[in-house]
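Chain lettering (A, B, C, D and E) follows the sequence in which the chains are written, and residue indices restart at 1 in each chain.
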């Protein structure tokens, strides 16, 4: 063909995929940065793990970064089942089940309420809805300390002070602003026509919520779940202020172990306790991290 | 019956019923609590709220207290740095993640995991790592750089930045994810157009993509700003406000005076100042969100 | 004829923005009404008002003689089909079809019967167990129609049901909807901005602009006797040719522009000959060439600028004395840009509009 | 009945001491001690306790520092009146110094049971540090200050000091009591006499505090026990700290007089302040638990319980009539001083928490900022005292 | 003719999915090539390969004689216009137009000149200071074209530039693009799935299916001599009528089906008469009625099922011996469903395809 004459050297010229150096400058920059960043993010975890596996004498030697010469699981055992809180020397295990007892209903109730709120705000706007929502967002900024007393009084008035359900309410209240924001944004991003179709089909508020919206909302529920589990599991202040010792969550023991000012600090036990306490949220992150990102992308942020 | 315009109050009853918890929370807890706080900031309540009106005395004292002024300054420095740094770092990380890299999941998890930990933990670990005796400084000195100085938590001038290091460690992961979500929401054709125009990647991000991500930035801003205003645990766990009063924060002032100093009036006055400051942030937000453009 | 739907003085505002202004429409039993208009003119808004998905600001809506202005959407006896299909993604086709019936508390057998019947009418029986994600665009649209069908409603509302589909499928489904209407004889209101759909489907077309109805008439009348210049320009593709000029009725009616002037005595004026500044409009297919020129009282020489072959026809863009004009020729026509040719038309087929009011004269 | 008792004693020795209370309570009564410990010192625990009490769901007994912390709760009628129990136990006679019981008394009624005595006025000195610097171990504050340059030359921090307000204001108060006649202290904090606070005597203390600040400028620690650790390891010359520091030396197996020296009253005024902890008993609705509360209150002042508790806690018993043979050197010095009756009320009994926090804030700032002159600090100090109630 | 773009053995896979298979296309200087095909057939993918936005799996791409297989998009001398416009939303129109040039470090005057020229060509001068959000769809599309225009490129690539617009605007802009091509004489590659666009714009059309090119020829040839049944069916709206049957070439060529049978000796076979099972295809507009029946060698009686008036024409769906057939009549035709009428066609205008290979015979 004529073209062959025009490009005699065609066969020797670039053909197929562009050759890419594995170590292009770009890649070096990208992966270099990421590695540095990963180092920064992993360093504390490394320190925690390493320390928690050392004995006290080794820790006194100083270098917190050096790997343990002699690995011991003693601190973990101690943190879990022996460390004392006042007179109770059964470690974190004592609060673990309390934490579960608190976290599970709090997460469920707060998510249920916030999702219904978000749904109502997105699809069933009523007069003043925007105003309430603005107040909610305002609430997101209120430091918890400020609300500590008013809430004590409110709980006292409704007779739930010191009970598990009182605490659940508190978590629901403080989780509400951000969760409602997330749910509202998410439901807003769902096609409105779906909602209209369901109304024409005669479905009411609840039926649309349960049969149409809920099944489509897995990603945002995962996001909400992760945020709430993290927040509630790690909560110390509310858990201790609004309940009684027999309900104290694990963080109270963690605080007791970590913050016992007097006496020698057992750093290895501290670290082990820290890791143990963080385990539940961490596991949830590692397991559902992908869904988390997808959920956020799916509507937590309005694009 | 249906020919009459029904009373608006009784339309969509289930929606209104379902919103009752929200309405109660908004009105009773957030509004009511705030107003109650403001009211009692005008009293000289000590351990228990008591209606002993003293006018603006508490505010006078508040603003003549150096610690409060320093707290405000600190919050400002911390807030500005945190906002800028977390947005910049979060965005850069998200941009890196967006380069179709290998091991994206791994890197993302690494960056996100600190968010799962409580501030008690964050504070403790970073206090340790930044400790000049056995933290980074001692390691580097051990390597032979004996004049190396890195003790942010022990130097009043820069202690706030030591807090920042830990705050960023914990917070940027979430921001990165938000930004990543925003980036993934950008029309791919914009990228193609920019490539055909020969615009370098960094310029595309800077001049085209970032301006397009305004809604993401607003959501992120709300989240970050809320956490900045509330910053308390991190300070307590890491420095306790020290050295000196160099890392004091308003929320800590509130707490210390309400419970440590057993001077509720003073604590409430400080709270009120914070609430007013928050209004300054939230009102423009509400305006952006609801003002002008209405959605069907 | 008894009205199936009657809309009286309907207004709707979003805040300060008036979207619908005092609309009045009567739709007969079994009529197929198409709402046609460009984007943002308020078609969907009107449909949503009829469906009860938006609260009207003023006015009344009657369906089958009942005032439903404030009734719930599901109580109005309407079914609605949306542009995006709006199928419930997590339910099977069967679930989608039966959802509304279940909500109404219908007996299981009856539901089954109705679903089966709808599936048969729409030929989607083999799909009943699938989820929407596993359907093609056309199939989804059929299911969406089915959802209205099972509810045995008096009135079907369609909001641009075909505009997400590609051209070919659109044409096929258009025919299907038409067949469905012939078979079911329900009242149907159909929103579109595609004039081909409007012309082929409608018994009557309502052309909307800025919340008003410009003309409400049969497709034939809309096409051949547009009530004003907007309608004339909006309907017809390619659009009508317009010449600007003045009507002179001092003698036999005459159209004069800067560059041309011709006799229009063949034109049927609405209220007898009227003079003054005017637009003279002639549809491209009414401009003839070649042998047919014999029947064209008005003739010009034209210079071809651009030729668009469209398979079955050829569209020619030309200039007559510097004035652009376009017209249709046969698909096999051999014309090239730059050619000179003679064209002509019969003013009896023209449409003339007052320059000021833009109304047909 | 089960009695829930809240406190913030969570470190090893403290917990053991509480254990003694619980053991005695469980053994000697039909009731059961339910422990509600919250770590992180009073500032963490106190809001929780107050919330519990005001929330209408109080614990049966709770620890507070001796002093005015619970004043308003008492006034609000939320605390139980223990007067009959105190009378039955003859508390007025046995409690020494009597100021401890005064702190529990409002309008002639007793509302708390004092448990132990802690005193602040101690200077702890490291023999190793002075040996390394080649100077003799000081025997009073002036010598301590004079020896500072020698220590510094040897690379030793002259004075260890944690960077927390309570440690710094504590040290200041110790200097005021130890370096001035005790009346001045009482005038400043007791009578809230701003003129005295602004006067020349107090100015001397601010100069001394400035000296302390200079000496402690290289002490890079936060917690008091870390500071004590500097003394123990000889990295610092000395530390002003309360008698609880004793426990640290003990853990490090050091011997008083040999490895370290304790100077009560900074080796100048042998005056101790008698502060400490007390238990309060919120008003309960349930009669049975109320009765149990009474038994617990009585038990706390029991001589045996006092001994057992205080030996573990490292503090002094509130009864003058118990025998503490097992006490160590420093503790005995303290007992001697108390026995001679030269004790003054605790800071916490004199000023409100509000004032305390303000003073702490002032010293946090003063010690962190070398550019703050003693005069400027004193001016603010006087202002705080003027406003104090 | 020297090639402007030449694509050789181009393949592209996404992982295991082969999207393009060994494509070879030569595009001449100044040619307007349209890539036409249904959704997902790989049109955009091919365009992206040419633009350098996708890395090819195999093969080469030459633009203006230069091998650009590995070149950066901005170095290939191409400009691209996207379906979603892809305007930079926060920049003014001027900013959108000049951003690429600024970036290339061009002098300010030159930039100004080019922007002014592009704005003039596209008639968007009054819009230069506006942001995209303040533009209508058509204006946005023009700005998107302008962005390619200012860069003075040899080749324009369009990826369904009009499919987000409504029908009317689409028709107008189509003409504009055609004019632009006539004026600039650049090489243009234009992706669409709208056959009207393809037929009116293209010098040549490439019909794609599943990553292959089915036919690459002029619109006229594609329409009148489709290479296979897929193309025949795909092109033309309403689509071609197909009759299933067997060609008998024992005598004069004859088409036989279950219900009918007629002489097709007028048909021009590709390689001389070929027998066997076949599809007989005839376009709706080649079926005639009324007076024109005189020229129709083959005639039937038909029963009208459905009538679609489209303004300028009327589409009639009818049944002939139970076999559905549709055809076009004049816009004024008065037909109703149920009517009986006589129709006919000339087999010379038909298209016949092998039943098995579906290739034209």
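Assume a residue touches a chain if its C-beta (ideal position, glycine included) is under 8 Å from a C-beta of that chain, and two chains touch if they have at least 3 such contacts.
For each chain, UniProt lists the protein as follows: A = L-arabinose transport system permease protein AraQ; B = Lactose transport system permease protein LacF; C, E = Maltose/maltodextrin import ATP-binding protein MalK.
Fair warning: this is a prediction, and the values are worked out from it, not measured in the lab.
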Chain labels contacting chain A and also chain E: B, C
Chain pair showing more contacts of the two, A-C and A-B: A-B
Geometric centre distance via CA averages, chain E-chain D, whole Å: 91
Between chain B and chain C, centroid-to-centroid distance (C-alpha), Å: 54
Chain A-chain D separation of Cα centroids, rounded to whole Å: 41
Gap in Å, rounded to a whole number, between the CA centres of chain D and chain B: 37
Chain C, residues touching no fewer than two other chains: none
Touching two or more other chains - residues of chain B: 11, 133, 255, 258, 296
Multi-chain contact residues (two or more partners), chain D: 47, 54
Contact set on chain E toward chain B in their complex: 48, 51-53, 72-75, 78-80, 82-84, 86-91, 99-100, 103-104, 144, 147-148, 151, 159
List of chain A residues in touch with chain C within their complex: 191, 193-194, 196-203, 207, 211-212, 215-216
Touching residues on chain D, where the partner in the complex is chain A: 4, 6-7, 9-15, 18-19, 22, 33-41, 44, 47-48, 51-52, 54-57, 59, 223-225, 244, 247, 251
Contacting residues of chain E [partner chain A, same complex]: 2-3, 6, 8, 26, 55-60, 62, 65, 67, 69-70
In the complex, chain A residues that touch chain B: 30-31, 33-34, 37-38, 40-45, 47-48, 62-65, 113, 116-117, 119-121, 124, 126-127, 129-130, 132-151, 154, 172-173, 176-178, 180-181, 185, 188, 192, 204-206, 230, 233-236, 251, 254-255, 258, 267, 270, 274, 277-278, 281-282, 284-286, 289-290, 292-293, 296-297, 300-303
